[in-house]
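Below is one structure, written out as structure tokens, with a few remarks after it.
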């Protein structure tokens, strides 16, 4: 268990970064945010490749970086590993040389380092590749070498910058399985919602070089603090104006809100909260609208349906109910969503939560 | 046989390229054509010539070694450091490449000569005098050769992926260990290219050597100085020595530089 | 880009043009390094008097001889000894033997100001840090002649390619002593006479090359005239004998 506490600012060139979050006892943390929102810089700060200008960084209560006291722990003394995007595998060393590197770094002889690394090599299925050089490896193999090397260091904290971004589905899956089994605390930067959902229980969300939200996964999915987050977790997002309990979308559709709001807002609701009906629904759901089926996407037992009409949104229903409805592309249909499922977001992004 | 796509080079470009090559190659053709090949072996193995060859080898090799020791850190600093005045530092480092070597030799005299502001201290404190000694000739050769080495290191150090060094630090290697285990091996090919260049430059050094280290047979009379003397007394010898230098330098440039750079 | 290319072309053409015109209308005089100041003054006066332009080129005599052998353009050549002049005669570019001795010179020891090694006579040069002329240049040959006659052997720290670089090394204090012509003595060095060296003189020949430009004869005549001789004399050269 490795708790990270960071509250501080830094600057790179003309860009300013302002981070504040703590991870508590969580061991599976994801850092998400749009491109250029400061995710990599956050990892580099924790790894000690950038330093704070103010504030402090603590890991397990120990100070790592605190400008006011002049304390800065050098990167090689931080018992953590930052695995760069692409893996940063050493091109002049063999697979074995790479995986054994952390032992060599500690001063072990070449032979001792290699015998110590042989178990890890076997565990990652790399024994047969041990004499190959990185340029002879596939992307998936390179990723495995990089991860194996990181773990030989036995870090308390593993920082991963998009470890699967360049991999095919199968290789990514392999990496996911390995990561899932790890006992180490993971801090993962990812662009892939599936990866985040699979591998993390805690989220740090960044936008414009600031932390806009942090907390456990469920609460972020339920109450995303920004449109980007809402979209990231595949939630429907509709812009409009709120007046009291009534919401009017930009194109005139009216929906009931769970709480009082006013002014420009966006509402979000999970695609799974949308129900579909062949005839206008009666009874409890007040929020209903007529729509056209614009797209169908089946994933396992679920069908994701793209709906267009007065506004675009997605609905996710089970295969069984899909077959019951007997609908096809272009059909006109009724959609409904409970007011209680609606999450109202102010249209401007708050600076911090 | 592998097939490869043939991209035609514009004909005009080839003509101009041939012209450029001719300008560089024709003088050596002239030298080869005038060289008295029948007495080549005899002159090349004369004792004075042999002495100059071995002296030249010693001086060029020592100078290349000093270039490696001083040039790698200097090249890395130029490539990585950011401070005010870096441009001026770089310009000073490269100055010996464009300066007439005689001017460099004179400057060396003023600094390290017996009455130079540092040389005077060297002499009175340690009894070391550099002019007219092999050590002086090595310094003169290093003075002109070092920029070639530094340039070679700097250009590849700027392209060096700093993430590899960061990865090494995170994997627990100290900065020093990172330098020896990651940075140096990554620079390998440019170090070898730099060694070849600076060695060849030191071998051909004349102006700074004769100005700073004088012409002292057995101490500072290298092949180029021998060539200079021979040119005025015995042109046949001069041609043989000139041809010897061409052959040695070509060999070094083709084997060291060609092989190790070509693989990149 | 176009502008740059045409500028390049223009400037390089100008460069070639200069190299052609430079040699065409002025008198090319090659002279031994020891003659530098004297010939500059002579050329100046000659130009003022006759209106002819003179281009002077100084180097060690053996360098000049090598240049002649290699076909360097020259109208008049003045060297520091007759032996080196023999090479000019053999070059095939001097078919009418018109050489004349126009000056003489002899050697002296010079030391840095203060004479740090306390040099008193030529035998003191043995074992000290000394600069001598390379033996193929006239001052080197003359030095050799003196040391052989006195049965001494000097191991110099450096063999300099011409007499002027010997003087520079002495002036800078890099060597304790050097042997140069009496005409090379300046107030930045101390001169210590070599006993009887005035008997071992070097004689300076001057000659007009084949196909020289017409004012060449005039130039040589001027050097041999009382005016020219007075200038040489003022710079320490002896009269031709």
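Residue numbering begins at 1 within each chain, and the chains themselves are lettered A, B and C in the order written.
In this text, contacts are C-beta pairs under 8 Å (C-beta built on N, C-alpha and C of every residue); 3 or more make two chains touch, one makes a residue touch a chain.
Just so we're clear, the structure is a prediction, and the values are computed from it rather than from any experiment.
Once the contact rule is applied, which chains count as partners of both chain A and chain B?
Both chain A and chain B are touched by no common chain, going by the contact rule given at the top.
By CA centroids, point me to the most central chain in this structure.
Central chain is B.
If you average the Cα atoms of chain A and of chain B to get two centres, how far apart are those centres in Å?
Comparing mean C-alpha positions, chain B is 54 Å from chain A.
Once you find the CA centre of chain A and the CA centre of chain C, what distance in Å lies between them?
84
Round to the nearest whole Å and give the separation of the Cα centres of chain B and chain C.
Measuring from centre to centre gives 34 Å for this pair.
Pull out every residue in chain A that's touching 2 or more other chains.
Not one residue in chain A touches at least two other chains.
If you look only at chain B, which of its residues touch chain C in the complex?
Chain B residues touching chain C: 109-110, 113-115, 129, 131-132, 210, 213-217, 220-221, 228-229, 231-233, 235.
Under the definition above, what is the set of chain B residues touching chain A in their complex?
Per the touch definition, chain B meets chain A at residues 161, 163-164, 166-175, 177-178, 181-182, 185-186, 188.
Chain B touches which residues of chain A in the complex?
It is residues 47-49, 74-76, 78, 80-84, 86, 88, 90-92, 101-102, 104-106, 149-150, 152-153 of chain A that touch chain B.
Can you list the residues on chain C that touch chain B in the complex?
60, 62-63, 65-66, 69, 129, 131, 134, 136-137, 156-161, 169, 172-175
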